[in-house]
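In what follows, chain A forms one complex with chain B and a second complex with chain C.
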Partner chain A sequence: MNTALSSDIASQLIALLAALMLVVQLLLVVQRMLLTSIRLFALQSLFLAGIAGVVAFFHGAFHVYVVVVLTLIGKVLFLPWLLDRQVRRMRIAQEIEPLVNFPTSMLICGGLTLLGYIVARPFTSLERLGNNTLAVAIALVLTGFFLMINRLKAITQVLALLTVENGVMLAAVALTTYGMPLVVELGIFFDVLVGVMILGILVYRIRETFASMDTSKLSQLKG
Partner chain B sequence: MELIALLVLPVLTGLLCLVTRSPRTWERLNLLVFGVLALLAFALGADVLAHGPVTALAGFLRADALSALVIGFTAFVALVCAIYAVGYFRHDLRAGRITPAQLRRYYVLTPLFVGVMLLVPLADNLGVMWVAAEGTTLASVLLVTFYNQKTSFEAGWKYIIIGSVGISLALFGTVLTYYSAVGVLGADTQHGMNWSVLVVIAGEFDPKAMRLAFILVLLGYGTKAGLAPMHTWKPDAYAEAPVPTAALLGAGFINCAFYGIVRFDVLAEKCLGHDFPGQLLAGFGLASILVAAPFVLAQRNFRRLLAYSSIEHAGIMVAALGFGGRLGALGAMLHMCFHAVTKPLMFFCAGNVQQHFGTPYFWKIRGVIRTLPWTAGLFLLATLAVTGTPPFSLFQSEFTALSAALAADRGWAALLFLAGVVTIFAGFLVHMTKLNLGLPRAGAPARAAECPWKLTAMSLVAAVVVILGVWLPGPLYQLIQQTTRIIGGAS
Partner chain C sequence: MFLSDNAFFFLIAWEIMALTTYLLVSFEHEKEEARNAGVLYFVMSHIGTGCLILGFLLLFQASGAYGFDGFHAIGARMAAGPRNAAFILFLVGFGIKAGIVPLHIWLPVAHPAAPSNVSAMMSGVLIKTGIYGLTRVCFDFMGPPPNWWGVTVLVIGTVSAVLGVLYALMEHDLKRLLAYHSIENIGIILMGLGAALMFLHTGHPVLASLALIAGLYHTINHAVFKALLFLGAGAVVHATHTRNMEEMGGLVKRMPVTAFFFLIGAVAISALPPLNGFVSEWLTYQSLLQGFGTTPSLIRLMFPLSGAMLALTGALAAACFVKAFGITFLAQPRSAHAAGAREAAPTMLVAQGLLTAACVFLGLFPTLVLKLLDPVTQQLAGLQLSTRLSLADGWVLSGAVATGGTVSTPGLVLMAVCLLPLPLGLWLVFARGAKVRRGPTWDCGLQGLTPRMAYTATGFSKPIRMIFKALFRPRREVQREYDFSPYFATNLRFESHVEEVFLTRIYRPLNWLVWRVSRRMRALQAGSLQAYLIYIFVTLLLLLLFAL
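Moving on, here comes the complex of A and B:
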């Protein structure tokens, strides 16, 4: 295959998958059901794994395949399963009313996406793949933060944190051509896994102690 | 060898505490490992001073003067905390405040926490450094929630959520730094993230990417160091965690976070020149000092007071670095070292008072000197030392930072710096004299014998504080001088 053509196909594919990640993120912002939110996160991670797969295949970078496998096992299967189990055990199906209603949230996230493109613009002149991808990555991080502020349930905040992490990993895999050194990828994977487990313990204890999962109840400490 | 031992020994100790059953064994194991770590750190410092940077595992671990300095003071803080912890938790156990199972959690997680903390200055790879920094949050969050109260969970939740958000920004910054280097290095996925490799070629980085990267990294590691406005987790975590953990966070981990900022600052200054990173650092530093000041004045809880003091000191370190030049670097490094030896004493004395009177509120306690004379005396000493009163060493470092501001022609910055530091000094003095001097309130607990373990830890720290006030050992000063050369860009 012609190399110029194949790299063209690769960047098209990556741009498509990155755009899909952003679409999923926006769906997440207007999703009230917790179980559906968890599935959406799994879907977003699947697209991320797809991008890593494209990078690995077209650059012949073997160690990026490891990233694909880790993402599939960790973020597409294990973490959603873990969160799913926790939500079922707590018998909470729905997020309560978010601070900002859904139409306004959508508008704000549109603005944040625009901001992502503005911040990423100085980099678009650089001759490397995934110029749009940086904009999407920044947009994912920003909307992830918004999601975190806008929701009150502890589980949704954990999901928001994970989407922020997805955004950063998107930047890592798309920007640097070959991804980060393997030891770093492994370390980050381990941190995310342990982090979510500890957050899970905390959510459980908070629910036991406060008889609620609303983080707005966590407001005793002041000054 | 010593580098590997510094990381492996604490982890092994943590695991050993997990499988053993008696509190006495846990205490001994912890004391033993932190004693050994202090010796190893001392040896490492001597080694680096004599032979230059030490590496291990084919360059995966690397310790230069800056790493050795951070490791040395972290090991010191960990050791005194371990000694203090024996007395502190025996008191809690006797009072029925905790169960042996909870105590095990402390003795298992603390060595792990310290081990991960030591990986931050030891990892040459900036990505691994990030992994370690995030690891410290994970290892310590269950220590913050140690007492299983409503408030401990609230503090723990804020700690992990704000910390993780911040640190994810730092990861983005790290990725962008790597990205700006890939253009120069080509695709070296083996060593392309190693600081020692990056610092040589930092001058050729893509400046646009580096500028964004530095902002993100400063926000990220700044969150962990507790710079305003990302400091909001700090008062909660410091006040809710058990005292030895709070001391370890406030005097040990703060340096590791600052270390991350320094490493990226060196890269950024080589790529962008001093102005951009310097102004950002000075801005965040001064903001932290000024934000802390009113909270110190109006504070009602002395455990939270310590957190605001820690926000102030993080601000001073960062501001000094931002003022720039040899003087600024020297001020920042001196301040980092002196703060690490002084702060544990504040925490320990506050812990004694809280345990004896059963409350952390100023207005409920008066005249500690009548009930706990040693604690009160040391508390006043620590207050003077920590607010930078001469002849104590923090005065020297704050004065150096101020001179750096004036040397860089930043009169306004110097003025704000001075105003903040003096306000905080006044606030501390009022609070602490009221707390310690005068007559006890009616119905206050009677005078009690002080616990020898806690007193040993406190007098050890106090001795170092007093000695450093009048005499800075030659080798330590040489090490600090070497770090200022590293900050100046010599790799």
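Moving on, here comes the complex of A and C:
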């Protein structure tokens, strides 16, 4: 296969997958059901794994395969399963109640995505793979952050944090040709894993204590 | 702290000092008063430290290093704005520690709350660190001073001295009285420093050295006699279990040694010859009186004016210690506590005795001690002043310049000794044969005198309270209960208050404002996770937009 052609295909694929990640993120913003949200997150992680796979395949960076495998096992299978189980076990209401209503959140997220593109523009020359991957990554981080603010349940906040982490991962892949050094990637990955497990336990405790997962009720803790 | 040659280490030592002092002030923590005093001291001290940090940062901007040798004369290379800002910051920062008016409010609260030996240390050493810092900054770091610095310091010194002694006169808490006198003496020291700054501006190195030496010598002297007075007060408080002078009295019979030492301290602080307070105040007078001729501008009026204020301060201080000594030690005991008082333990007396000896020594042989201050003037003006200050092999102290006066405390003592035969002779001639008759004090025909008839501290200071009515805003309240005529009251209640203008007019409103603002600010820390996330998020967005 011609290298110019293959790198062209690679960047097209990456751009497509990145765009899909963003679409999933926006779906998450307007998703009413908790379990569906978890599945959407799994889907987003799948796309991320796809991007990493494309990078590994077309650029011959074999250590990135490790990232692919870890993402698949961790974020696509294990974490969604964990969260899913927790949600079912605690028998919490499926309905997500956001602070800002859906049309408005959609508008805000649109603005944030735009901001991501504006912020990323000076760095387009640094991007080696695909177009606008960095912009999508920043947009993911910003909307993920907004998602965290907009949700009241602790478990949805964990979910939002995970999407932020996906955005960071995407930026790492986009800015460096072969991804970050393996050690760093492993570090980030295990960070997230341990973080989520701890958060899961905390969420459980919060529910035990307050009979609710609404973090805005945490303010009752202060004197 | 005195040894540090680096701003960082200086600040660390400064803070360690502040923290340990806080612990010492609140040593008797079971008393609410001591706890409040500790907190007040803590807050004031930290405001001061904040000012110092900012000031040092300003100096650092100019010199690029934190070492004190790098700061030397750095002010000359600084722009006028930051330089003046640094001066004001240092003045406030060190001024709080020194207790200048109007930053003095912690002093009369913290001193009485602390144990007496701690008060002695605080008055003798702690507040002097403020003077040290100010001297170091003004004369070492800042370079040639503009005129208004000296004027500011001189005015602050004068105001502190006069107000300090006036408030001291109104006190009937023995230790609070001494605390207010610390403010007064800091004022006198600052008068010397301020005059020195002004002389530096007009280019009179000899006079500047003289004024600086006057201030520094008074620093030493104040440390000695104030420590003595606090130890004496501590012995009295220990014996009578009260700090209220109105409940003392008659202690001179019960604690003669303490009374004698306290008297010496009182004479020294009242600047009466031949003790040490006199010498340093005399030097301050000399420099102030010489100042009138140094500059043709109207500013020169400052010198005689503050000289007059210094004289007023001295007189009021003497009045105040007449009151302190008279009410505490003389007359009849006014309470059972005072009647049952015992002389202090020998160890306490030894400490007081040593300080008394130091008072006398510093008063009689100032020229010996002034030699030690030579390096200071050497660095400042390149001249050693002690040779000019001492005449006749150190027996006579001179005003350093040709038009200055001279004084000799040993001479005064000698003269007193020489004059001693005169009354002795008179006694021998006229009173030899007379018999000594002991009888009761004249009681206006009433049936014996009771302690309740004695002159009280409040009564003693009444004339001064009336003269300075505008400042004190005295308030009194009399409630009479009577059956048929107001002249035959069955029950009488009398209350009298003096308003502390600085507390009620400056600090209370300020305190109220801070409370209000902080109550508003509390809404920020709502305890809501979402709110905190929004703060972070908005900050992030702003930073992103700012970077564009």
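Just so it is clear, the second predicted complex is superposed on the first by the 211 of 223 C-alpha atoms of A that agree within 3 Å, B and C clash if a C-alpha of one lies under 4 Å from a C-alpha of the other, contacts with A are read in each partner's own complex, and residues count from 1 in each chain.
Basically, contacts are C-beta pairs under 8 Å (C-beta built on N, C-alpha and C of every residue); 3 or more make two chains touch, one makes a residue touch a chain.
Bear in mind the structure is a predicted one, so any value in this text is a computation, not a measurement.
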item	value
Combined model on chain A where chain B meets chain C, clash or fit	clash
Touching partner for A:Phe145 - first (chain B), second (chain C), both, neither	both
Chain A: partner with more touched residues, chain B or chain C	B
Which of chain B and chain C A:Ile188 touches, first, second, both or neither	first
Contacts of A:Leu115 with chain B and chain C, given as first, second, both or neither	second
Which of chain B and chain C A:Thr209 touches, first, second, both or neither	first
Chain B versus chain C as contact partner of A:Phe123, first or second or both or neither	first
Partner chain in contact with A:Pro103 - chain B first, chain C second, else both or neither	neither
Partner chain in contact with A:Ala172 - chain B first, chain C second, else both or neither	first
Chain B versus chain C as contact partner of A:Leu199, first or second or both or neither	first
Chain B versus chain C as contact partner of A:Val164, first or second or both or neither	first
Chain B and chain C contact sites that coincide on chain A, given as residue numbers	119, 145, 148, 157, 215, 218-221
Residues on chain C engaged by chain A in the complex (per definition of touch)	526-530, 533-534, 536-537, 540-541, 544-545, 547-548
Residue numbers on chain B that touch chain A, as the complex places them	60, 125, 127-128, 130-132, 134-135, 138, 141-142, 145, 148, 150-151, 153-158, 160-161, 164-165, 168-169, 171-172, 175-176, 178-179, 182-183, 187, 189-190, 192-193, 206, 208-209, 212, 235-236, 239-240, 295, 298-301, 304
Residue ranges of chain A in contact with chain B within the complex	61, 63, 119, 122-123, 126, 128, 137, 141, 145, 148, 154, 157, 161, 164-165, 167-168, 171-172, 175-184, 187-188, 190-191, 194-195, 198-199, 201-202, 205-206, 209-210, 215, 218-221, 223
Residue numbers on chain A that touch chain C, as the complex places them	99, 115, 118-119, 142, 145-146, 148-149, 152, 157, 215-216, 218-222
